[in-house]
């Protein structure tokens, strides 16, 4: 991808891990990368953020698993996936062979699950770092999701940070469905998060006018796509204003380079493109190109200069 | 409007106040009703929900006050309005003369302000009831908005209920920007709210790619429109599931009769049409007609039968 | 209290309608596209200075807000009933509008806003249009001529492609001065040069175009003791007066400044009543600024 | 372990491409619209059973998800390079597609999914199409004929207007049986009547159409000891395998049931491997159901 670039230095980092591009996939929106190979040069991405993995293989929820909504969609996949064994045996070696950095999203329902996943990923070739999905609203759990409680969220993050490879940065992925996202961000940062991923989906519900019941078997689902972008940019803005030193991986409705630019200006040093990939399988590469052009047109010589620029 | 109707009984109520139609305007989205006169029969609406009024006249914020967003918009009007004196002298008599019921939205920055507004509206002809805007995120206040704290929200509601005309139902308007909307709903219901209006806008932010600063002078603004509809339906669903006896005025992204039907099935006994009016000035009347047709097509003989039907 | 040369424009004679109408003609004019719409009810009601508001993007659109476009011409004769607009492709909505073709249907609300107040019959008038803003003055020019006014027109733009309605104004105005910033047509420079020369001959001035131009024309007119009316272009979400997004600080008849909606209290305002320098700000003396926490200096 | 008559369909020979292509022809066929697209790279790669995925609504669209449509025909000859699809207007996206006109551009990804596995040359085949599903079988019929198979085709629909590709199948198939639910064309009744009569003559069966029909054909084939392949239609968000919305319970070669993506592991599945009765449910024996809290009864 670099050959197509403008003169802008697009390198960035996730914590201590350097990235060739600030544009990543979003967890759960590009599976494990393979399927995008016909459409984009995977090695040109900042990283593939993998679908959240748990300890055991999961079937995910029954269908219907999605509903289209205005400028967005609702999903309730239920974290279908191969489990950590499957990931270590199949997907991660595939990515490593091709030189595609993996940012591995981990999920669980108990603090120990997260810690064990982090331990299993220590030193695995090609694993750039960990994104801790404490905010997925789709998975059944007895109570609140971790991300809605600063204490529970911190417990997960400190356990993961303690168990994880010191060379792998740990990002906590936050939910926007909270009264005060800054307090959650502060708590997980103090608990050792090297950075923050924002945002996960918003909790939503669609009722089918024909069946007159919720469309999704799981009743509620996660709302994503351009519809939620203003909420995501607001979260990034608020957290960057309060914690300017904490790196942010921004996401939520990014479809174009100018959308990505909003996140960068608000304080994100890298971005994930999620739902837009369903619309345009080459969206990640296009967003990289458009962002580079937009930065060049605005006189930036590097991406880093633009991070948080809207606050100045 | 009734003449155009199907056989479905569309009458409903806001608490004790009967309504001829379940379709109302949304506060701040149809001013005080006058401007819609060329497009709809105002007397055929359930009520005009007036722009939130405060004690004193307010200029509102400087422009730009809005940004278009995917399937929605961000606004930061800052509650421009004539103040309670102006409302009592001008807009309310205008509506009363025409037999258009007014559901008066009140706002303030102190508990006493709300109570005083409620007192001023006692016995005013044509005032059907009060919607207490404790959730507007646009107005500068020292701390959190009332709606984000169950205690502060309850204080406002109980003061309003105490000061208000006993014949006027008091609805508390809730913000979706909370970790647990059910706890806020429960608190304000226990504090005396006769019903709940849901939802107000979501806090959002748009950065202008040209100026590289937030578009709105107030930095953040309120996100509304179809983009937020799944969040609104989810809030109505959750609250109706927890508090089935509390009446709900549902809103957030309603554009068609089938959208309104989702809210009704989720538990709303009436709905407000907000941002859609900007797109289609006759949206309220059209939504009434389409909802009546949709109910008839599904075999309902009255709106009331359909309220909360998706939970059954 | 300062005295003002203008009275606020009065509301239109008739209320607007909302209609789905067909595009009868679409032709490029320089950098713009001129659309002719079959909209008899709007044509019947429209007065110069008014505008219409279009829904954009079709049935699957993610763009909810209406786009306001000035009415450039009406043909209200029997069997006619057309409205013409001139669209400059700018963002997604106006670009979509500019791509409409003959036979396409568009959803339009209008006529909206207050028309230009007219002077006593025979009073000579200066009309100043910037870019596509000139189109909105053609109907006014005809009307003034019909009422016996001498009509002096100035039309300017960045370049020749962005000039608008020069021929149409030429047919009705007594004088048409043309300026372009780059000199690609007419006199090089801004409209203000021509305005300075002609304002002395006018008993009233009208302007439509970008804000800095409106300000310059209003200032020149006021300085010359000539009342002026400007049609402003503020960002609008609804066009019908219900959203309060389109306000700017305007001095009322009582001498107090209010945030006035440019869609329903405008778009035509007295040029001496718009506080151009304060657009986008919240001066302390705007009614209700105190409640926003703004204090007098 | 039960033994199965089918092996899972193999992946396509070539990867998909994403292109903006022009509509070359658009014609109504009964209740549907047939669109011919200038898409040489897709035509070159496509194999029977595959589909394409369209972006819908144009540049201002609020509808982000792609719409999957089966490939009904390809003309990959030199200078040709066209792909044909048959669209049934259903919701907003397919309605928009069905309204495309000659010269319009559409954004399409394809060919997607696994093609129908082919039997040994000469094995007689039964092809069953329901509604617009019949269109997807025309290419398969030609290919089978070219490989020496006798082709028995059954096409059915609710009524005559919803029948599809009867003439096209007539040109390539040895037998074409037509049924309609209301008897407005062909034999009254469901395709199953014709299937019951013909399955005995077939060495392999293929079906494309609504789920209940696929199930009936698969069951009839399996009961007769005939391997069958069905092209399923599950609600899809991406069409390329990254979203996991399109899954259904399918028995793999190891005998275990997994939630398989109908876009990349299908849409063609062994008819005896799809657990039709459990579509939309989460049976306890699906791999990973235990982690979802579902316990064996």
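Worth pointing out:
Here the chain labels run A, B, C and D in written order, and each chain numbers its own residues starting at 1.
Everything below uses one rule, namely that contacts are C-beta pairs under 8 Å (C-beta built on N, C-alpha and C of every residue); 3 or more make two chains touch, one makes a residue touch a chain.
Note that the coordinates shown come from a computational prediction; the quantities given were computed from them, not determined experimentally.
Chains that touch both chain B and chain C: A, D. Look at where the CA atoms of chain A average out and do the same for chain C: the two points lie 47 Å apart.
Averaged C-alpha coordinates give centres for chain C and chain D that are 56 Å from one another. In this assembly, the C-alpha centroid of chain A lies 34 Å from the C-alpha centroid of chain B. Among all residues of chain C, those that touch two or more other chains are 62-63.
Among the residues of chain B, those in touch with two or more other chains are 70-72, 225-226.
The touch graph of the protein chains shown is complete. Remark: chain A residues 28-31, 34-39, 51, 54, 56-66, 68, 70-73, 75, 77-78, 80-81, 83, 140, 217, 225-226, 275-282 touch chain D in the complex. Listed in rising order, the residues of chain C touching chain D in the complex are 56-63, 92-93, 96.
Touching chain B in their complex are the following residues of chain C: 15-18, 55, 62-66, 107, 109, 234-235, 237-238, 240-248, 258-259, 264, 279-282, 286-294. The touching residues of chain A, when paired with chain B in their complex, are 67, 69-72, 74, 144, 148, 177-180, 202-207, 209, 212-214, 219-221, 223, 225-231, 233-234, 237, 253, 258, 261-262, 265-266, 294, 298, 309-310. Taken in their complex, chain A has these residues touching chain C: 70-71, 226.
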